[in-house]
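Letters A, B, C and D mark the chains in the order given here, with residues in each chain numbered from 1 onward.
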Amino acid sequence: MTKIIGKNELESWLSGIMKERTVFAPTRVDDLILFRPVRSANEIVFDYENTNLSPKELFFPRTETLFTAVPKDGDIELTPTIVDQEVILFGIRPCDARGIAILDGPFLDEPADSLWAQHREKTTMIGLSCTKPAPQCFCTSMGSAPNDASNVDIMLTQVEDGYAVETITEKGEKLLQGVELRESDVQPPVPTCDVNIPAEGIVEAITKMFDDPYWSRLADRCIHCNVCAYVCPTCYCFDIRDRTDKGKTERIRTWESCQSKGFTRIAGGYDPRADKGTRLRQRFCHKLLYFPQQFGALGCVGCGRCVIACPVNIDIREIISDVQKIGAEVGQGSN
Amino acid sequence: MVADFTQQIRDKAKELLEKGTVECVIGYETGSDGFSARPAFIYESAEVERLIFDNTCSHNLVKYLLNKKGKPTAVIVKGCDSRALNLLLSEKQIDRDNIFIIGVVCPGVVEWGWNNHSDQLQIRCNWCRQHNPVIYDFLVGEPVTEGPPDDFADIAAMETKSTEEREAFWREQAEHCVRCYACRQACPGCYCIDCFVEQLDPEWVGIRIAPEENLMWNTIRAFHLAGRCISCNECERVCPVNIPLSLLNRRMEREVLGLFDYRAGMSEDAVAPLITFMKDEKLGIGE
Amino acid sequence: MSADNGPLIIGFLCNWCSYAGADMAGTSRIAYPANIRIIRVPCSGRVDPLLIVKCFEEGADAVLVAGCHPGDCHYNEGNYYSRRRFALLRALLDFMGIEKERFQVKWVSASEGKRFAKIITEFTEDMTKLGARKAS
Amino acid sequence: MVKEATEKAVPNPFVPYPATLKSVVDLTPDVKLFTLELDRAQDEFDYKPGQFAFVSAYGVGESPFGVTSVAYRREGLQFAVRRVGTVTNALHQLEPGAKTGVRGPFGNFFPLDDYKNKNIIIIGGGIGFAPLRPVITTILDNRDDYANVLILNGARSPSDLCFASEFDDWVKSPRTKLELTVDAGDENWNGRVALIPDVITELQPSPKDAITIICGPPIMIKFTLSRLKQLGFADEQIVTTLEGKMKCGLGKCFRCNVGEKYVCRDGPVFTFEQISNFIEQF
């Protein structure tokens, strides 16, 4: 039996939650769809492919204070940042939810990152499965699916007269307390994303063609901006510096991307990844080689944001098939 | 008409590569969505079939020449792009003898986007008065006569807003900015080795990706392009959060036109307005 | 704008003319409001637009750049370049929401002590009327 | 996974241990030796030669430095800091008594126990000598465990030679040779004026039962490495400590990776045999 919640009940339920807790949901901002805190249910957009920027920002903000250092009677008082705001993230797509779950690897690996851990703990995720995957989506090839509910607390799937509700975790259960759901025998549709990207054996293939000139040829057209890393739900590289404002010093962590010029430049000016080809290779090797080697899953969830956002159409799906082709040729060749 | 542009470009590219006049032809090829164009680097004459030209060829390819210093290279430029060649030549960044310029009379470029089969012209084509390339070695297409001068209607519209409204408008845009620097990386006029925004000593713009820092970044970036921007509007196209950067650039373009009657990139040996002066000019400041 | 003593004005004064003009005002006991924080620079041409935008970002309500009258520049051309630079910068700042009046450029020679004091007094009054910048 | 991370109120791994700057000594015109003491006893940590820590200059940031003291001597945490960037400049302005912060220890260390009874060749260029000093101190404090020791310290100019005040102790130690070289001498320098790779060819150290520990600018390592190879040194006999861009030291910010290896967690100490097997060429 499928539990159903009507559109109006859903909106009134969300409006109720909004009274005590902050609800982030996809809203239209100019011509963008972004996750923003919403004050009323009608600000929420329900029919959208995906947001321009990924919800990773709610867990790994573009700018975050790690701790403050304030001089106090001869000493410096360090106060680590505490996340005390309970947040509801509504409308997260299955691929993005998988992205967040994947990033638990690097962030919660010993010694765990306390800020990421607090954000994860304080955030309840209500997923919205995709009814019609977009042309840029390839989630099924990356281990996710348009209705993959494994990484959210509650999963909603659109049906004729409302949304099928699947409660996954007790956090979800707690949130749904007091909400009566109708029983129905209608089966939620099972959308498919039939784009098939040959990701099988990519780790071996990319290892074989690691030194192939393919990367420098590809880097010809790359302009080395940080768009792909900043729209991506699974890019997590960061930079740390201090900022002082009126006597209070904050140690700030911000997004950083392996395509930035000074990303690996060390004191004295030496930069092991000075040329373009190696920097571009680093991005795809991190996702398709280093990440799976260390955490098991591929570092890409197939959301397709970088495919749309890249100014010069460096398409990770095309790269995966190129790498497989070249990896195979190199396989038969020398080694 | 545009179809045979492609053939003319392919033939010229083949000839240049076979004769060894150039080592590489920088042009456009069809992207991974089978529809919109993307930059292409052709090194072998056998590969010229990849080259295409249609109204999705939005990229300004001139900046790639900065990576090809000392190597003879051919580049395909539309009308507006060609002004970037004059900009970089007048600023001694590229060597004229190393470049073979294939100019294309521009048919107008549609909204660029992956799998975005739009047929709506980009806004830069509405204000465009430079369909014919200003500099070329080989011309594709027949030169057209340009329309009446640009009236900067978009800027006038913005100026009807009050100062508070404008301040709020740019503050909100600054909230969207993620400082990915795609605008800088796509701009032919932005080629500093160590950009002010990444300098640590002095730290002009703080590390935070926050509205105040973003405002400072966008203000100074626009100022550094004053009298140099050739309005190819690639900065606005590549912005992942659609910040209307053309408003800032064109506000400066109108001011430079008004004060110094100067348009960037119109000739190889032009002198940019901010590196020269006229002793007795009245600019309505300081009196 | 600190609530009690009015607008915060940053003044970049060129060492050879305006700074000397300010000295002249001081030595001839001409009072002018203390809202202005004076920064001495070798020439108005030294003032990088980054400095001015940084002032506004850090919370200044107004910025003044004062230099020699065109033709009197100790380095001959400094103020010619800065005149063009600041004409463009003022247009950009105004377009982005910083009123034109908040960024003034004045040519003040070493002998114009009285005029310097008048400029600062009027500037402070205008800025008090205009009020603090909302942003900071 | 997330549950217990937050339950045991995960400490913020980026917050440094409060420390006080005990003394600042000028080693060379642009290198100072900082001695720090942790304010809280419970923060005391053991460390071995080759490990590093982040030192904070509040208001600017923090940077990784090889710990140049040895833990068992209990003389406080020492770092040799060369003034080269914003953080190091800020550190160079600190006076004794200043409050700062230390985060560490990070990385692996020189496996000195495995080098017992071997000839040890220690080659350091400029500030690259800082992480090698604790190796020397440890070896000389347990002199009999090791065979012959050759220390080669090179620098741009005589005044740039690090730890000059300790040269005498090193030379006095049995079966220990100290060779100094500079790129350019000055009026009262009568020692060797040569580049380190050339000194290697001149001294012809034997690869038999030998371990070479080398640290310095990449260009120096590159040429010295080939000279050592010509003398018959195998890759696994040559050990270095890699310098990578580091921001966290925790294997999270992914700035220091060389191929699949994190310099901060899998290194910074690697043999050249390991380095040659990295998929990415350093």
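Heads up, the rule we're going with is that contacts are C-beta pairs under 8 Å (C-beta built on N, C-alpha and C of every residue); 3 or more make two chains touch, one makes a residue touch a chain.
What you see is a predicted model, and the numbers here were worked out from it, not measured in a lab.
Judged by contacting C-beta pairs, the busier of the interfaces B-D and B-C is B-C.
Centre to centre, using the average C-alpha position, chain C and chain D are separated by 51 Å.
Put simply, the C-alpha centre of chain B and that of chain D have 48 angstrom between them.
The mean-CA centres of chain A and chain D are about 38 angstrom from one another, to the nearest whole unit.
For chain C, residues touching at least two other chains: there are none.
Counting partners per residue, chain A has 239, 241 as the residues that reach two or more other chains. Shared contact sites, meaning residues of chain B that touch two or more other chains, fall at 200.
Under the touch rule stated earlier, the contacting chain pairs are A-B, A-D, B-C, B-D. Across the interface of their complex, chain B is touched by residues 85-86, 89 of chain D. Chain C meets chain B in the complex at residues 49-50, 53-54, 57, 67, 70-71, 77, 79-81, 83-99, 105-107, 134-135. Put simply, chain A touches chain D in their complex at residues 66-67, 69, 71, 74-76, 78, 80-81, 104, 106-109, 111-115, 117-118, 120-121, 207, 210, 236-242, 244, 249, 251, 253, 256, 258, 263-268, 270, 272, 278, 285-286, 289-290, 293-294.
For chain B in complex with chain C, the residues that touch the partner chain are 155, 158-159, 163-164, 166-171, 196, 204, 212-213, 215-216, 219-220, 222-223, 226-227, 247-248, 251-252, 255-256, 259-260, 273-275, 277, 279-281, 283-287.
The touching residues of chain A, counted against chain B in their complex, run 29-32, 34, 52-53, 62-63, 135-136, 217, 220-221, 223-227, 229-231, 239, 241, 243, 252, 254-255, 257, 260-262, 276, 307-313, 315, 317-318.
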